[in-house]
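So the structure is just underneath, and the comments pick up after that.
Chains: A, B, C, D, E and F, in written order; residue numbering restarts at 1 for each.
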Amino acid sequence: MIPMSEEYVLKLLRQNKRMDGRNLLDYREIKIETGVIPKAEGSALVQLGNTKVLVGIKMEIATPFPDMPDEGILIVNAEFAPIANPEFEPGPPGEEATETARLVDRLIRESKMIDTSKLVIQEGEKVWGVFVDIHILNDEGNLLDASAIGAVAALYNTKIPKYENDEVIRGEYAGNLPVRYKPVMITMAKIGDKYILDPNYLEEEVASTKLSVGIRDDDVICAVQKRGSGTIKFSELEGLIDLAIQKSKEIRSLL
Amino acid sequence: MIPMSEEYVLKLLRQNKRMDGRNLLDYREIKIETGVIPKAEGSALVQLGNTKVLVGIKMEIATPFPDMPDEGILIVNAEFAPIANPEFEPGPPGEEATETARLVDRLIRESKMIDTSKLVIQEGEKVWGVFVDIHILNDEGNLLDASAIGAVAALYNTKIPKYENDEVIRGEYAGNLPVRYKPVMITMAKIGDKYILDPNYLEEEVASTKLSVGIRDDDVICAVQKRGSGTIKFSELEGLIDLAIQKSKEIRSLL
Amino acid sequence: MIPMSEEYVLKLLRQNKRMDGRNLLDYREIKIETGVIPKAEGSALVQLGNTKVLVGIKMEIATPFPDMPDEGILIVNAEFAPIANPEFEPGPPGEEATETARLVDRLIRESKMIDTSKLVIQEGEKVWGVFVDIHILNDEGNLLDASAIGAVAALYNTKIPKYENDEVIRGEYAGNLPVRYKPVMITMAKIGDKYILDPNYLEEEVASTKLSVGIRDDDVICAVQKRGSGTIKFSELEGLIDLAIQKSKEIRSLL
Amino acid sequence: MKKPEGFKLVDGKGKRIDGRGLDETRPIRMEVGLLSRADGSAKVGFGNTVAVAAVFGPRALFPRHLQEVEECIIRTRYNMAPFSTESRKSPGTDRRSIEISKVLRHAIEATVFLEEFPRATIDVYMEIISSDGSTRCTALNAASLALALAGVPMRDLIASCTGGKIDGKLAIDLNGKEDNYGEADVAFAMLPTKREIVLLQMDGELTKEEFMTLLTKMADKCNKIRDMQVKTIKEYYKKIGGELE
Amino acid sequence: MKKPEGFKLVDGKGKRIDGRGLDETRPIRMEVGLLSRADGSAKVGFGNTVAVAAVFGPRALFPRHLQEVEECIIRTRYNMAPFSTESRKSPGTDRRSIEISKVLRHAIEATVFLEEFPRATIDVYMEIISSDGSTRCTALNAASLALALAGVPMRDLIASCTGGKIDGKLAIDLNGKEDNYGEADVAFAMLPTKREIVLLQMDGELTKEEFMTLLTKMADKCNKIRDMQVKTIKEYYKKIGGELE
Amino acid sequence: MKKPEGFKLVDGKGKRIDGRGLDETRPIRMEVGLLSRADGSAKVGFGNTVAVAAVFGPRALFPRHLQEVEECIIRTRYNMAPFSTESRKSPGTDRRSIEISKVLRHAIEATVFLEEFPRATIDVYMEIISSDGSTRCTALNAASLALALAGVPMRDLIASCTGGKIDGKLAIDLNGKEDNYGEADVAFAMLPTKREIVLLQMDGELTKEEFMTLLTKMADKCNKIRDMQVKTIKEYYKKIGGELE
């Protein structure tokens, strides 16, 4: 194999090329399998090229937040397991895992993709908690977009267990999770003065900045985050948003 | 500016002088502002020379301790924020912050300055919790005395929120916190064989030992702590207590 | 004193000798004192030669596990206090302490030595929790066997406090803890191709592997663990189990 | 958080609950040099939101294996005082403060000439002592001033404000209630003379047109905030100069 | 856990709840080389229990004071994904995972030629992504394959399975219900060609005769598991070789 | 803690609940050299309060950046065993044990000739195995003996006891109930031959006169405690000497 280096990534990009032969605005091949975890109420394995992310959904009885007595609750957690990348350390979630979890949380929550009003068992007392656990298996870059695809796919795959006599009956279901949108996160990475989509992990190393934009089916923007220590020119912003909206349709069609 | 060093502090003290021109038993100028934090039920900003300590009081509904079903509860916490001193590290409270919080707690609790029997909402079930949070902004020495002044001033500034239909109504008040004493903490630092009051942080570096004494309005001693790795001669003790009692009146008059 | 080294341990063993004069399959002298902690409901101090382990039992009101509503609960905890060994660090339990606690837990639980069905106060709501705290005082080797002896002896020494009007009355007792077996843990250490019993701490340093086997009064095996980074030949296994069963009777006679 | 029924964030005349117009910020206060132990410090208030920032460094970084050979590293802490919020906030970091500390660090990294101090660290600590919305932007404005006071070379001052959509209208500088009950909120910071964005976070629901319109208003406001920052620094040095004479 | 009244783990014909005979394992699946960032990786399934293992190293170990002068150290992590269990498992280590990580590390230390890589570390991470009994043995089988793929020199492959006593009968490869409601369970691993035991843990109640009978059955099964491991590795290299040509 | 109504700590004849007079300590037991792995060890009991202390060192301190160039550092841990208290104490440090570990460390630092062992550490660990008031003073007496046994050069032995005010009377060596229900308590330690105070903590309500009267009584008692310590050490060496012959 040809040794890959940051220099090489930059050199190729100057010629508008990428190391894996993609065009600047191409995603890698996306594979989505759902229902892959027997014990989970919903699950999805997403492959973005060689990036592999597993998302499992557990439904648990929970107490609603006092200021939201008539809504179910959503908890998103990300584990950057050390199997995924030689630089990940075992231990509690670091900055990257925390940011990923919070961005996926905002994408799901702010897009209102789950109708949480239908998750109430007893108002103010007992609701369904939707636990979205993102488990990174292999990090070849762009974990955020892959995690978002996985979370949405897994939520669409989720069934609500039967609940009888104050007991959750695992393996028997009362129906599907009430979902209504397919929000998509699009990450654009800035390398030099060029933007590319779906950066692999070497491209991420070289990128000064990333802009991640979450888009709902109706083109509404529901989450934005500038990531990394570079800047984005104000004049570039509108074009980037347009690009994210356009690309989100393509990704959504796979969900 | 003249470079200040430990040598310099010692040299001056041998001539009964201090680097900021004070006499050995003088406090720096004390400024107390109350009601400085909009969201807190009580607050005070204390300046002891350039030492700045902010104390905020939050009133929260709490469960009483099983062996004290008919008393409100008091929690004192100190954050030695890293903004205050280049040697403070972010993270959970260290030894110094813990000792400061516990000494202020003892001063308030043992002096019985708060009539906690008046903080009961429903005996054994629900009481007011008084949360005293000490936030160090700038450490130019003698944080303990400044924290104690701040805590007492903030408690005297505290109002109890209205509590209706199992809900705390922030911004509307049922009355003042029932307070009845103004206990004061006086710290004496031993440098060589001399004792000084209100050490600044360079003087603290040089001091072998500090003795902190908490005194109530009626001259009753309610908290004492020897701090630091030196010793105090038994024969010195009575004079130090006398000094603390005398000085406490002066500080109390500012509260 | 003669300097002890690993070389020395190995040299002696080649002659079937041990540094303290024991035969390969001898335990050191075992001393058991019970009732040594005034505030504990049961306690035992075990000395295995110079190894000293203190075990205290506290009885506390607890909520039963949802899937075991009609049984009391058992919690085993081990503290490898830094007083016991110059290599122990203060802090939360490490791997060794965790393994020791879990093995003693399994020995007690799986042997059914405590009749937990008799520890129910109100089914599904309130049961007795039996807290077994193992405190290592001096580590001269074979902490596991000593801890197990201590735990069993302390449980046989345990009384259940009176419980009246929702309150535990410490110092007054309703009866003895319902115990019915005396399970014993036997640890065999492999050094070179020899197995010895009750290794002291220098022998433990040299041993490649330990096999610990828990045996009940009726010779039933109730816990087994291979410990350490060596191997055990399959062909050796039966002989080791026989040895453990035989030796367990000797230890049990002291309990 | 769910908006109580009938509660209006904007009245019929386009006035907000604190009496402001949609494009108005709350009263802004800036003070610098207030903490003697820090190399640079500042306190900034937007209405009832108050942040204090302190800068330490550039200073040597230990242990050595954390050092970067070619540039200095930035460490940030964003922290809310327990008494800054309606209900007491438990002390300590949570997921929110971890994320905010990270995006604020990136904003500062994008601004400071890091390569001037290889192997060093610059520590920027931000404390929210009173919280009524827009806390991270208030903190970043304070950090910018504190960095300037510490003499850290920067590509420009960082100017920051929030914006959002409340009762269907675009508005600048959200307060706590507007943040909780509004339809969208954006945290934004830029280097005004460069027109480069160093912080951008958005939550909620906005069309592209709304988003761009709002961002343009916020960029304008950041220009004004930068003017205030410059004025604050100048006045400080004038005063200090006066005192020194 | 208490067995519900009347619940049978073995029926009158000696069949288990998933239809197996007493000496049968569940369907076993093995896959290797699935994780591109790891030096070696494998996924192993025993029925509904699935483990993924990744090996990193041998690689240099820092900080230096952790290095061993004469051999490499092994670090292991056994971890259950939150969604792998009936009720969600809180993320993070607990006492059970600390103990299991330790015994699995010892099994690997007993197998790898540690002295070939002084001062280095080999990190073996095992994730349970679906849990239905026998998780540690499934993880260890995956670790063995991942070590082989990483080219780590070993005395033999590690083959592992569980056994136990259910409804009074000895059985191989316990599933979750059999583990919970059975009378005894044993976790076992050996180096089959050496007939050396590297993992042995037992819980429950067994006579010596039952224990030895069960262990003999398990050792036989481990021979077969080793055959599957060898076949899996060979097919992988064949496929890779084919792809490279 | 609130005293139950009608509960008397001192009866009409000046006797306390355990039958003692006001100026009497409970029975004191001292034992040294009981832990073979420690460089020095001691067990001290005041009635039902029992502490065990172990000293390790002087020994080299790592990592190096913790070393002091001109003196040795002292590290202390005061810890209560879970079974030492009425209700079980959760294992682990809490704010109380952090504070006590600190004041005990300062007492030891004031006593040891630190400058004799630059770059080294002396670790003093104190375990409360049974708790009935006065635990920190009991621990410090044990630490003093353990330091002496370890051969650490000290300015004097440390002698320590508590005192307080119960039912309006001054008393020495408070037990748990007296500590909980009394009006004031003082923890005190000194170097008796130097008459220098190394530990002083007070809680409660005392006039200056009461405070000084109480302290004078406590200082007297510390002289006697030192005599016991000396006797204990002498007898130990006599016994050891006898054994060695």
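Observations on the structure shown:
We adopt the following convention: a contact is a pair of C-beta atoms (placed from the backbone, for glycine too) under 8 Å apart; a residue touches a chain by one contact, two chains touch by 3 or more.
Everything quoted here is computed from the prediction, not taken from an experiment.
When chain centres are set by their Cα atoms, the one at the greatest distance from chain C is D. In terms of the distance between Cα centroids, chain B is separated most widely from E. Averaged Cα coordinates give chain C a centre that lies 27 Å from the centre of chain E.
Centre-to-centre separation between chain C and chain F, using Cα means, comes to 31 Å.
In this assembly, the C-alpha centroid of chain A lies 48 Å from the C-alpha centroid of chain C.
Touching of two or more other chains is recorded for residues 93 of chain A.
The residues of chain F never reach two or more other chains; the list is empty. Across the complex, chain F meets chain C through its residues 34-38, 41, 48, 52-54, 56, 59, 77, 79, 81-88, 91-92, 123, 125, 127, 129-132.
Residues of chain F touching chain B in their complex: 1-2, 95-96, 98-99, 101-103, 105-106, 109-110, 186, 190-191, 194-208, 211-212, 215, 219.
Against chain E, the residues of chain C that register as touching in their complex are 67-68, 71, 93, 95, 98-99, 101-102, 106, 110-112, 209, 211, 216, 219-235, 237-238, 241-242, 245.
Within the complex, the chain A residues that touch chain E are 37-40, 43, 50, 52, 54, 56-58, 60, 77, 79, 81-86, 90, 92-93, 131, 133, 135, 137-140, 168, 170.
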